[in-house]
Every structure is written in C-alpha cells, then in structure tokens.
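A, B, C, D, E and F are the chain letters, set down in written order, and residue numbers restart from 1 in every chain.
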Amino acid sequence: MDLLLQNLVSPIVLAFLLGALARWVKSDLEIPDAIYQGISIYLLFAIGLKGGIAMAETPLDALVLPVGATILLGVITPITAFFLLKSFARLDRINASAAAAHYGSVSAVTFVAAIDAAKSAGLPAEGFMPALVAVLEVPGIIVALLFARQSRGGGIKAALHELVVGKSIFLLLGGLAIGALCGPTKMESVTPFFIDPFKGVLCLFLLELGMVAAKRVRDVREAGWRLIVSGCLLPLFHGLLGTLVGHLVGLSPGGAAVLGAMVGSASYIAAPAAVRMALPKASPGIYLTLSLGITFPFNLGVGIPVFLAISKTLESVLP
Amino acid sequence: MKVTLCKLTVISESLLREEIAELILRLGATGYTMTRVEGRGSRGRRASDFEGRNVKFEVIVSEETADAILEEVAERYFEDFAVIAWLTSAEVLRGNKFVKSSSALPSGEATGKPGPESEV
Amino acid sequence: MKVTLCKLTVISESLLREEIAELILRLGATGYTMTRVEGRGSRGRRASDFEGRNVKFEVIVSEETADAILEEVAERYFEDFAVIAWLTSAEVLRGNKFVKSSSALPSGEATGKPGPESEV
Amino acid sequence: MKVTLCKLTVISESLLREEIAELILRLGATGYTMTRVEGRGSRGRRASDFEGRNVKFEVIVSEETADAILEEVAERYFEDFAVIAWLTSAEVLRGNKFVKSSSALPSGEATGKPGPESEV
Amino acid sequence: MDLLLQNLVSPIVLAFLLGALARWVKSDLEIPDAIYQGISIYLLFAIGLKGGIAMAETPLDALVLPVGATILLGVITPITAFFLLKSFARLDRINASAAAAHYGSVSAVTFVAAIDAAKSAGLPAEGFMPALVAVLEVPGIIVALLFARQSRGGGIKAALHELVVGKSIFLLLGGLAIGALCGPTKMESVTPFFIDPFKGVLCLFLLELGMVAAKRVRDVREAGWRLIVSGCLLPLFHGLLGTLVGHLVGLSPGGAAVLGAMVGSASYIAAPAAVRMALPKASPGIYLTLSLGITFPFNLGVGIPVFLAISKTLESVLP
Amino acid sequence: MDLLLQNLVSPIVLAFLLGALARWVKSDLEIPDAIYQGISIYLLFAIGLKGGIAMAETPLDALVLPVGATILLGVITPITAFFLLKSFARLDRINASAAAAHYGSVSAVTFVAAIDAAKSAGLPAEGFMPALVAVLEVPGIIVALLFARQSRGGGIKAALHELVVGKSIFLLLGGLAIGALCGPTKMESVTPFFIDPFKGVLCLFLLELGMVAAKRVRDVREAGWRLIVSGCLLPLFHGLLGTLVGHLVGLSPGGAAVLGAMVGSASYIAAPAAVRMALPKASPGIYLTLSLGITFPFNLGVGIPVFLAISKTLESVLP
C-alpha cells in the first residue's frame, strides 16, 4: 500500500495526471507534433543506447535464458489475450485479435516507468533489459494477426516489415547496437544528452500521453464494464506470469518485476500502426482504448508497484 | 497559354502516406504536393492518435488521370480508412509539364481554348 | 458517380481555432481539415505574433451549409479579427458522406448529373 | 454579396520564399497565405534537401492581378527553379478587401453578378 | 552603473540582442514554430517545478504575506497603468485598458532574468518566487478588463477561463504542484533536464524573443514619444513599488528586487491572448509594442539592475 | 589502421550509418523538419559559443597567423577544385564552379567530428578553431562563383549577402561574439545546455544526415567513377595541404589535423543555398552528391583519421 502511494507520487505519474487534467479543464496546452515525435525518437534511441552499453558488459550466455523466456511470453500473451477478449469481453474475431496484438507487444514507457520504480524501491533491474523490450515487440503481434485469419494486401508479411523497420523497433535495435559496439568508455561523451536528462524528457512525454489518454476516457465509459475489466485483468495476469518467469530464469527481483511490467503492458505505438495496416476493419476505438485508456494507466498506477511487491515476496519464497 | 486541368485533392490518415504517393505517381501524375494537416471526420479517430496528423495530397493532372487515381483511391481505401478526395479544375501555364510524355493532352486543352464547360 | 459540392476555405488567426471548428460542425459540416499556415494581410499582425501561425479550415459541404457557415463567420469575425473565407466548387464521389443524415442532397446533385453551370 | 475572384496557387522551393512573397505583394495582392508543404516533381530534388520543404502561396486576387503574378513567376522562375503555379476561381464576400484601393473591381464582379462562364 | 553594464553583458541579454540583429540584417535565421512552442512549454513547466521544490521546503505561513502583497500589487498596477496610458499617452478607453491588462500581469522571462541577475549580484531570491508569478498573472488582467466597460461574447468570464487554463498558467501551476508534492528528493532524477540546462534554453528563447521584438521597432517609432515614455515610466514606477513592498513584507533584498521586476514587467504571452479574445477592438499594435517592444527590453537592460541597486540601498535604510 | 577502425566505431559515425541504414531498409523513421532545424541552430550556436569562450582566453595576436592562413586556404581550395572538376571530372564551367564553391567552404559537422576525434586520439585542438570555421565559410564560395562568369539577378553580391547573414554563419559569429564578450565565468550557467549535451545532440543530427546522404547513393552510382574519385581526391589533397599549413603557422598537431579536416571538407548547408541562388542552372544533383554523398562520408570515415596520423608524423619530422 505504501509502495503504491510512493509510486503514485512521482514526477512521471503526476505529469501523466497533469496531462489528463489539461484535457479535462480544456486547457489550450498542446505539445506540437514535431516535439512529440522528436521526444519519442529521443526516448527510444536512448533506451536502446543504455541497454547496449549494459550489454557490452554482459556475457552473452547470461542473455540466452531471459531472451528465450521473453520470446515464449511474447507468444503466450496474445493467445490468452485473444481468448479472454473474445469470450469474456465478447469482441468479435477481428477486434479480439487486433487487441491481442497490442497485449502481445510492449509499451516502452511502461517499461521505463518500471525500471525507474524498481530503482526507487531499491531493486535495480539488469542493465540489459532494453534488449528484452526489442525482443518482445514483434512475436506477439505476429501471433495475434494469425488469429484474425484475414488481413489486408501484403497482410502479415507487410505488417512484419512495418514492424521491424518501424521507427520504434529500428531505433531500439539501432541504439542497442551502437551502445554495444562502442561500450561504456566511448559512450561517455554522449551520456550527458542521452542518459542524464532522460527522466525529465520522459516527464514531458507523459504530459502528452496524459492528454492523449484523457481523450479516450469517453470511449472507456462507452466501452462497457467487460472491456474495462479485461483491460485490468490482462496486465495483472500477464504481469504476474512475467514476474514469475523472470524469477525462474534467474533475473534479479527488480529485473523480474520489470519483465512483469513489460509482459503485462500493451503497446500503443508499434502495434497500432501494424494492426491498422493489417486489419483495417478492426476498430481503433477498441484497441487504443484498451491499451492506452485502460491498461497503460492501470500499470502505471497499480501494476508496477504490485509486480514489485510480488517479486520481493517471490524472492523469499523461491529457492 | 493557359490550359485547364484537374486538381485532385486526397486527404488521408498519415499511415497511408507512402502507399498513396506511390499510387499517384504510378497512375500517371508527374508530381504531387503534400501537406501535413489535421482533421475531424465521421470516423473521428485514426489508428494512432499519436501519428497525429493526416496528410493532404494535391495533384495537378489531366482529367483522365485524375479519374483513374480517384477511382483506385476510392476502391482501395474509402471503406476502411479515413480517406476522402475531391476534384476541382485548375488553369495552368505549361500544360505539358503535367502530362507524362507517353500520353498527350486532349486537343481542346492543348490549344488552350477549352470549351465553355471545362472552363472555370 | 461524382456530385458537385462546395469547398469552403476559412483562414483565421489561430486564437479562434476552437471557436471556428465548433461553428463549422454546429452548422452541419460532417468534418473539416485544418492546416497551420502563415499569412500576410491587411491587418498585418495578429494578437500574439508568437502563436505565430494562422489556421486554414477546408470544408466539403453542400452549398447551403457553406453559405450558412460563411455568413456566420463573416458576421462574427470579419470586422474585428484576421479572418477571410472563400468558396470554390468541388466534385466528390460518395456525396452523401458530406451531408448530415438529417438533411438531404438537392436532387440535381444526388443524381450526379448537375446542370452545365454547376459543373466544374 | 458574393463576387468571383481568382485564387492563385504558387508552389516553390523554400529558398525563394521571400522573393515570391515580395513579388506577390508588389504586383498588387492585398495579402497571401503561405503553407509549408513537401513535394515531388519532375526535378526531383531541391537545392538543399535539408531546407526540406517547399512553400505554397495561396492568393485571392482579381483576375488581372493573378495573371500578372502568374506571368512574372513563370518568366523568372519556371525555367531554373522548382516552381509551379495554377489558378482557380473563388467566390468571396467583401470583394473589395482583395483589391488594392488604387485599382477597382471590374464592374461584372463588383455587382456580384458575374456572367455564367466566370461563375463556379 | 557598473551593475548596469555587468547586467548587459550576459548571455541572456546578448542573445536577445543577437535575435534583434538577425532581423535588422535580414538574416534568414528562424526558430521553427514547434521549437519555439516546445521551449516555452519547457521554460514554464521548469519554472513551476523549481518553485514547487522550493515550496516543499517553505513553511506555508512564510508565504501568506508575500502572496497577499502580490495580489494587492496585481490590483494596483493595472489601475495606475490605465490612468497613465489614458491621460498621458492619450490612448482611448479600450486601448488603455487592453494595455493596462498587460502591465497588471507578468512576463515570465523578465522574472527569470531577474532571478538570474539577482544571483549573479550575490543577492539570491527566495525559492518560492515562481508561486508569486502564478499569483500575479491573473488579477491584473481581470481588473483591467473591467475598465474597458465592454467586451466580446463571453467577455471577462471567457477571458478568465482562457487565462486560468491557458497553457502558461496551467504549466506554471502544474509544475508548482508536482514539485511541491514530490519534494527535492524525488525530483532529483528530473533535475538534469529541468534545472541544469534551464538557462541555456532560455538563451535560445531570447534569441527568438529578440527577433519578435525587433519586428516591433518600426511600430515603436510610429508610436510617438508619449507611448515610449509610458513604456519606460510604468515599469520603473511599478518596479520600485514592487521592490519597496517586497522589503516591507520581509523578502530578502534579492527577492524584493525580483518582485519589483515581476510587478514592473508586462506580460506578452498570457495577456495578449486573453485581451484579444475579450477586447478584439483594441489594437495589438499598441499593446504588443508597449509590452514587448518597449517595456521588456527596458526591464532587461535597465529595470532589473536598477531594482537590484535600489533594493540593496533599501536594505541598509529600512529597519 | 587501428586509428581508422578506432574512428569508425564511434557513436557519431555509427549514428550516421544507422541513418543510412534506415533509408536502405525503408524504415519510416523520420526526424521532423522542425527538430532538424532546431538541432542545427543549436549546434551552430553552440560551436560558436564554445569557440568564443576559448577566444576570450586567447591573446589576439595568436590568432593572426591561423586566420590569415585559413583565408589563404579558402582562396586556394576552390581553384584546385574547379580545375580538377573541370578537367578530370569533365564537368562544364557552371557545374564545376558550383561544386568548387562547396569545396571552398567548410562542413561544420566534419569540423566537430574532427575536434572530437582529435581529442579521443589524445591530440586536443586549440579552443579557438570555431573562429577559423567562420573565417573559412565565405571566401571560397566567392572565389568559386567568380569562375562561373555568370550569375543570376543580384549575382555574387546577393549570394554574399545570403551567406553572411545566412543562418549558419550568423549563428556561428553570433555565438563567437557572445562567448568572447561574456568569457568563461559568465558562460558557466549555460554550459550544461550548450556544451555538455553537445555530442549527444550531434549524434541525432548525424542520424538525419545519414538518411539524407543515403538518398544520394543512387545519384552517386549514376555519377560515374570520375566524379567519385574527385570526391575522394579533393578532400585528401586539401586536407593534407591544410594539415601542413596548420603545422607551419604553429598550430598543435591536433589543431593542424582539424584545420586539415576543415579545409578538406565540403559545405552542404551554407554553400548549397548560396549557389542555388547565384547559379540556378547548376545541377544540385551534382554538387550535393559530391559534398554530401561522397566527400562527407569519406572525411568522416577515412579523411579525419588520416589527417590525424599525418599530423602526428609531421610533428616529429618538422623542426
């Protein structure tokens, strides 16, 4: 409980709430498009670079298990999401698989918020986690699209291309590669730009995210309780699964909780674009509302501290 | 020597930018001008509210090419995507600049003396 | 099946963006496209040179709706604000998309066979 | 009281922005609206791909002024620069706003009753 | 005199002059709209955050007197401004009240420049000053609009809404709240973005401000000497008043001088928008020229060092 | 050789390659125009400021020889470039002089990369080098335009105005002036924005530059081997000349190599705009391909380390 409150009163969460407030009071506050895009390029590239620097210092075989587990989780989560959304939330096949693609992928901001919360809670995560983000982005979307049993034009192949060379994965992988090739010493000179101000920039980003999410609140109200409950249950279930698996493959308690947050999160940048191209008949009103209107704030406010608490407990329970 | 051509305008969610640009050039336009715009329409929201903007293509073309582009845009995108399009007429100098060398301007236009109907 | 509708363009200092968007939708347009533009006009400067830009609204509507919007814009803003507006005609496919369900397209347009004058 | 005027559109590589703005005002327009756009054309690339964008000028003017601007733009820029231009007609309220006090609206337009041909 | 020169040769003032120079030599230098807006969001939010952090460490009752005094000053200044502009500068009622609204409000950049100059002069101001900026923004505009005896549509109520949820006050208050809630420890992680680079970003902003102000120079020439003299007298008079009141309510010498600069300054972001909506018949050519073309450079170059010098003197004079 | 590889695996070079890769795999990565422009304003202004701070500490007479030599080199390089491009690369008069203007001028990013590489190699350059960049920008373009024997409208005079008040030189000179006037102490407060994050921002810029350069690759293929060879020979020859002259006028080994890189570089911001205005009949396809598609990557990858190695050798050879 204390962890929960502790987590809520942080610059990141408050900036998100401030953004939402801006919409509710109809402020004319507006982050220009170009700035928003510039910030998101910065964040993704910086996440990659930071992960790459860490990878340069990690023996490769320490990565094998976590990467394997992450791929596995990326395959499982869209399946559970699809069936829950189809049966419990009563979405049709197309909309269920479209939304499942989002749950199969990962939200970079949730990831970063989790990294940060873990650090604040004295449970720092492994430095190579950003590599897992890159790994988790793709398989879930592919699996989910298979469920749709239909897709436009180039279909899954086109969506796959869209994904892999899409800017978020491209920047993440690019950053990882540069960071790993250069290593900590050579990266020192870019640290004052990519590492030190990172969290402040993230605050600005969350201001914007709050504004965008607030636009979805009306949609959330219309969505009906079944959708809302699904949008909370899925991250919880996936998150616990991720945390548990994280422990099993030997991650630190912080790392396991962060893996939980990643697995529990729903993408709202890479996935929507890919899904829109592959399944144009699916309603963005459903998948964006689920991922950005419900699951994202849920994880930010509740999920992350819960995964951290569970992970701490698991540590003392597991051998 | 002014001739009357068509100006085709296509507004689309920005995700389709590359596809539509390719379509326009493939069907015979010699160029296009693209503007980033914002919009409100019946569909209300776009795939990624983040990508934020729509794009607007303006294309100066002969009427046939305009119709061809309009038709393919309508067929491929009107049902599922936030795409609209319209035509107006436009008078240009150097009409041949806007017609690919393979095709030719219809005689009425090439003479610069279009009939009353096609005049603006 | 092309029908001829109106394209209404309104250019305004950006401070009025929300007001004009609201006005356009209230008077019956089904949507609008907005572009951030810069401008020079008789009034020269805007309230806040910082806000910098003007905005341009483009609206595809029936002629009556266009006239209604144009009139209210003229009445409310022309005197004191940096606002201008103009009309052109535009041919669209799917004419009904741009007419609110309550009203209906005038018959000439709905048939897609407008008289010679209204054709572009 | 709507009158029919011309809308002149000029698209140019952004390097010429100041020159063209000056040209437009010098030849008698009362203002212009400028948009930053991107483009593809026969020339393909611009001097500085960095400067990136083209600019689009939209000018509401009388037909003579439009022709004068169009002519000078064509003469000075069409050969060597990435510049295109076109004319459409546009109906405005307050026609006098767009005509410099020195000149006067041609009678047909001032009465708001243009002949059938010039009507949109 | 030395203080004056000392003040003029600072990166902030020189950046402003460089911007003005860019216009005069017709350079094609141009800060893109989006960047300008991004910077102004950054600056306002950062000012708020910094003030909030300070407030978290200030006992609330230390704020009562300064806040009360600031509100009072916010009510007085538009009145003096209105009558001076009407009688001496011979503006009509509408234009006088429009301009008075600007003098009743406050210029955030003048505030920041004053904070900075105070620090350089060895007279650091209280940390909670940004809270006073937020307090000073609104009342003056309201009072001034009352003088106009007319206003458009929603009128004063609409203008008030415009103001309070307008982005500048919204970001300032939002920043204050986040800073105060999180306190210094939790804000540490965002400091490298919001505090350390602040003054450098401000330089870029002043480059742009210089360009915008230079556009007004022709208007200033046309304005006539009465307007120019008013644009210098008002900040001087208001500034001295503010400095004096600052001492009386117990601010440090630096704090009092900064309060003087705030009170003496004229808004050119929040006020113009509100005034344009409420009094569209007032001429922006007059109120923007006064606030941005005359009073802002006057304060930057002359006002701030004068208020600092006076404040230093007052300290030894007052009990 | 080791120096070469050492140089290639740096965040700056890798960011450039990543940008090029983005184009080749058709990623939708795109740096918004406004961000690109904002970054280039930042970089040029920061280079100027840094140089200005150094100049404040340099006795003026230490600048006389280097400045004189730089002007001389700025006059010589367009001449060699013109004749090589006309005779060997078989360009006509107009295109040869247009391209020569680019070789006469200087690429700010090549300069910065050289400064950085020199530092990494333990051969730091003089702090006042940015002043030489400003000096080198102009004369070469003028000389080259004289070769064209024709030019549009205002012609060379217009191009000169375009250049001197063009944003790149204006910001560079403006930054130099502000830095020199304020000196190190007063600039301290803006250092965390203009100096510390500089190299990180440069990385983002090179990402974009890589994308732009990659667009030219097709043009490079079409250009024919004579043009490609010219695009490599010219920087090599000019660079060696610059390095040698640097030693002769008493620069440190690092400074001499940086002067070499400057002299060997070809402008792709200031020159193209000026040339486009003065010689609209010259083909941007030729001069941009040469400067940005061939010479820039050549210098980044090969030129800079070569100049450094030569400079080191020269040091032990020359008296």
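Basically, a residue touches a chain if its C-beta (ideal position, glycine included) is under 8 Å from a C-beta of that chain, and two chains touch if they have at least 3 such contacts.
Remember, predicted model here, so these are calculated numbers, not experimental data.
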| item | value |
| --- | --- |
| Any chain in contact with subunit A as well as subunit D | B, F |
| Residue-number overlap at the subunit E/subunit F interface, same or different (half cut) | different |
| Most remote chain, CA-based centroid, reference being subunit A | D |
| Reference subunit C; chain at largest CA-centroid distance | F |
| C-D compared against C-E, more contacting pairs | C-D |
| Distance from the mean Cα position of subunit C to that of subunit A, given in whole angstrom | 41 |
| Where subunit B and subunit D are represented by their mean Cα positions, the distance between them in whole Å | 19 |
| Sequence positions of subunit B contacting 2 or more other chains | 35-36, 88-89, 116, 120 |
| Multi-partner residues of subunit E (at least 2 other chains) | 28, 32-35, 38, 197 |
| Every chain pair meeting the contact rule | A-B, A-E, A-F, B-C, B-D, C-D, C-E, D-F, E-F |
| Complex interface listing, subunit F residues touching subunit D | 33, 36, 40, 152, 212, 215, 268-269, 272-273, 275-277, 280-281, 284-285, 288 |
| Touching residues (chain side subunit B, partner subunit C) in the complex | 9, 11, 35-42, 54, 56, 70, 74, 78, 84-89, 116-117, 120 |
| In the complex, subunit E residues that touch subunit F | 9-11, 14-15, 18, 21-22, 25-35, 38, 116, 120, 196-201, 203-204, 207 |
| Residue ranges of subunit B touching subunit A (in the complex, touch as defined) | 13, 15, 36, 44-53, 80-81 |
| Subunit B to subunit D touching residues, read off their complex | 2, 5, 7, 21, 25, 30-35, 60, 88-94, 97, 116, 119-120 |
